[in-house]
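Both complexes below contain chain A, partnered by chain B and then by chain C.
Entry: the complex of A and B
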């Protein structure tokens, strides 16, 4: 039966060429959209690891001509006074990198015996409490770290999983990054750039890892009790402005910043999804129209076959299989092109998402083709031989 | 004649509503997408105010300082044993293995002292676009990005002044507290953007600035034109002007005398950087002045990431977009051609009759191309309305962030061309096939 159908389709190759081309292109578009979508959904599924809902970020400008002691005491004073503002629950100073801002800090070396590459994040001892970090093991920075022999660091779970998959614990290990550092804890999850950023290795550095006079921490994250986020902004603005004697004070809402940080992925994703949906509807309607006219042109053939004893099911199967055959040819061709992307490593996206994309695109297209072919075929199969053969 | 064809094609469209619907759906949607893309492309890369002279501009957003470190590679080319002694022939190769880089806007001091007299430059401006001012008006927060600019800024960028005038050199020299706002910022701050706003006061930090001009907000905001308010650079925090380090908060934009001279400006900057002797108190050894045209800058911004040395060419960015666009275009086109061709047969007898009465193939061809153009124009009209609604919606809600979609006469003209092309391309092949219908066979 199949060989017979193949011959049938081959004989009508000119009429089928356009359908084939259309399915091929549709497959390629779908493949790309699916791969991009799956890749980003996978990233989205790894948690941020911190709370941002009721928090605001703050950037201030400390006076430049201060020594380290007065810088530290001014930071302490600012934090203490902010905590007194009604509605404020916790506050923390951070370094030059802040969540959702697009800022990044990378460092790496091969001194640990492997190629270490890690993001850096600078935070003080109140950060874990403010951001509700979840620790896998160990503890966050505290006052005892100021005088300890080694500068302490924490790492995130991704660093541990990538570089020390076999280790049970990293606490008290020495990690060589900007000199020898002692790991005092592991934070379960922490990715700060956006929901769609990669859950990549990261190291937390404490306040004392940076020269206080040269690079003082000049950003803060302040967590409010729920519903008070907007209300705390103005009093904090005023008090920071008065303490630092500088009007360059910026306060932003972290929840808004998260949405902004996600936009570069969300906007293309939504646009691509909308466009491909409409393309699919368009193709489905077009295919339906074409098949409808093509099958209707074969009424006499259908009548003859029915007169010879073919059941409606047999006729439907024949037409559907005919179209599916063309679709399969197009898909095979499409898969040949599509697998080149992961095989030749054309992008930095992991190969598995392209294979998912291929499978999903094949399923979608077969489903559409099947639907578009079966409705006109069914209708045609219901024709009465007497009516149809009578016309000619 | 033409009128007859028109009536005929409308009748044909009415005869088979289902097919007409399918065709219209495909056409209007595709054209809508095309219009949105045209509109977006025009907003982002078109020569609109304030960047009418975009094709003459050279942007230098950052001043790069770096220290390269080298690796020496020793390769043993050959080993020869001569009289019991091993002899090696080796070559050394010293390659840059990486560099320690810091990159950011330059200081006013550096730009002021070094980049004021480049050749082939008609006008240029140093801009500080790093700042931001929050004000609380009766408990309501108003955020504005503040750009500190010089008087030539308004020569480089031809802002569309709705009310008032730009500030000039005198305001710069006297550090006058004057301000130019976008209409959006004025609406935000005063609740209105009208002539009445001129001469009112805006509080930035703790100081009051007098409004001298209201400009239309640019369609696309980049680091040179994205300011909500523009202030004389001499009113900036004195630290920014006094600092003698290389890094700071200023970027430079140069307007070359002609588009061709842009390379000259870029080359002069690169040459200057190569021959720059870094002051001994700096942490870095070398200077890089990486200037680029607007298109290159745009492409650069489209590829985010921790790019240290990646310098994406314009094509790595626009190439995939173009491929994607072509795919999205070709698909509905093939769909439409496919549909049109399969309908040829339905009208075989009609064509045969016309041919039998003396119409030649050309007449038939024209008729069907025209018929297709009619349906394309109807679809285009629907698409235009849809696109217009979407543009309104997107702009009203600022959905795209830094870009607002443009809708102007120019864009409308592009739309017409797009519709015409689409109609012709999708109509010619089916019409050609129809026109070759054999009378004898069709009338049988």
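Entry: the complex of A and C
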């Protein structure tokens, strides 16, 4: 039966070319959307590694021309007073990179015996507690680090996994980055840019790593108790303004910022999903229409086949198989094109997502084709041979 | 052996009811070559379709090879058509997108016959009708007589006991008609195939064992 149908479809290749092209197009679009979607879902499903839900961010302006001692003491006073505000649970000073802002700091060298490339994040000793960071090993910065021989750093799990896959522990290792630093701990995850960002290598630098007079930390993250996030904003604004004698104080909700940070992926994802759903519906309707007219035009053939002894089930099977054959040809062609993307490494997205995309697109297409073919085929199977043979 | 008892067939279209066959009783013994004649619209094709199980009578009973048809379901009827019956139509009804040999294979496709065996039997049937050299052609590359010979090859490829031919020579000139008739006569005399043939041609009818005349859905002789 299959060889018979292959010959029949081959003899009708011109009529089938359009269906083939349509299925090919649908496959390629679906493949792209699935690969992009799977990749981002995978990103999204990996944990951020910190809590943001009840936190606000704050940017202040310290008075200029202060020496380091007065800068440090003003920062301490601001933090101490903020902690006294009712509803505040913790507070931390951070450098110029803040979560969900889109800002990034990159550093790298090949002094460690490999090509190190890492993002940098600057925070004081209260950061881990404020953000509820989870440590794989070691500890966060504390007062003892102020006088230690080496400037301490922490790295994230991704840095350890990528550059030290065989290491059991990195604590007390020396990492050469802006000079020799000592690793005092490993933070499991810290996806500070958005839910969709890569879990890439990252290094945490302490206050001590920057010149306090030139680059004082002027941003804060303040964690409130649940439900108090909005309530703490005004008293904090007032007290910071009064201490710094500067009205340029900005406070924002971190939960809102997270949604904003996710938008560059969420929006195209939603748009692509809508477009491809619409396209699929269109293609399904088109396919249905084409098959319907094609099968109707072959009423005499159906009558004849029944007269020759084809059962209704065999007629249905024949027409469904015919379309599946054309779809298979289209999918083979489509897979040939699709695999070029991971093989030629056309994007930085890992290959496995493209293979998932191929499989999912094939399943979707076959399902649609099967549904579109089975309704007209079933109808064809119900025709009375005497009626249709009579027609011409 | 085909036996019709009191067969009637009416077609209902919206308001009009056409009585195509009325209380038809007849029997065709095995090995007979029977011809049916009658004016256009008298129900000849209807009768043949009912005998061929591609149409159902409104009334009456039919037995084929000793079995009553009424109890058959769709799949059983399909099987009977496939194994016992061969059809030849006035307008050939070849599938234009299939080569001649693929067309001839068609009845075997619905049996459990392997691809090679199918091909062999189809080529053998084509040889019987003298068309071996046209196996790879497509129907639209053939003359009317050749098409009808392909249709005959298709009808005999499954070695049916009964062939139902509805004006097999109606669309052909007299010489081609004679050729087709020769083939049918040979099938009947050599293999003993029962043949029921509708025709408008007295000359053809004379060559068969028996002639039945219809008029307005009724048997007149």
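Here, the second predicted complex is superposed on the first by the 388 of 392 C-alpha atoms of A that agree within 3 Å, B and C clash if a C-alpha of one lies under 4 Å from a C-alpha of the other, contacts with A are read in each partner's own complex, and residues count from 1 in each chain.
Convention: a contact is a pair of C-beta atoms (placed from the backbone, for glycine too) under 8 Å apart; a residue touches a chain by one contact, two chains touch by 3 or more.
Predicted model only: the values in this text are computed from it and were never measured.
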| item | value |
| --- | --- |
| Clash or fit (per the criteria above) of chain B with chain C on chain A | fit |
| Chain A residues touched - chain C or chain B, whichever exceeds | B |
| Angle at the Cα centre of chain A, taken between the Cα centres of chain B and chain C once the superposition is applied, in steps of 10 degrees | 90 |
| Partner chain in contact with A:374 - chain B first, chain C second, else both or neither | neither |
| Chain B versus chain C as contact partner of A:8, first or second or both or neither | second |
| Partner chain in contact with A:46 - chain B first, chain C second, else both or neither | neither |
| Which superposed partner A:308 touches (first chain B, second chain C, both, neither) | second |
| Partner chain(s) touched by A:267 [first = chain B, second = chain C, both, neither] | first |
| Chain B versus chain C as contact partner of A:237, first or second or both or neither | first |
| Chain B versus chain C as contact partner of A:386, first or second or both or neither | second |
| Smallest separation in angstrom, by C-alpha atoms, between chain B and chain C in the superposition | 13 |
| Interface residues of chain A shared between complexes with chain B and chain C | none |
| Complex contacts: residues of chain B adjacent to chain A | 18-19, 21-22, 25-26, 29-30, 33, 131-134, 136, 139, 141, 204-206, 237, 239, 304, 306, 324, 327-328, 330-332, 334-339, 341-343, 345-346, 399-401 |
| Chain A-touching residues of chain C, taken from the complex the two chains share | 45-46, 49, 52, 54-55, 74-75, 78-79, 81-83, 87, 89, 91, 93, 95, 97-99, 102, 105-107, 109-111, 115, 138, 154, 158 |
| Touching residues on chain A, where the partner in the complex is chain C | 1, 3-4, 7-8, 11-12, 300-301, 303-314, 384-386, 389-390, 392 |
| Chain B partner contacts - residues on chain A that touch it in the complex | 15, 18-19, 21-22, 25-26, 28-29, 32, 64, 102, 104, 106, 230, 233-234, 237, 241, 247-251, 260, 263-264, 267, 275, 278-279, 281-283, 285-290, 293-294, 297 |
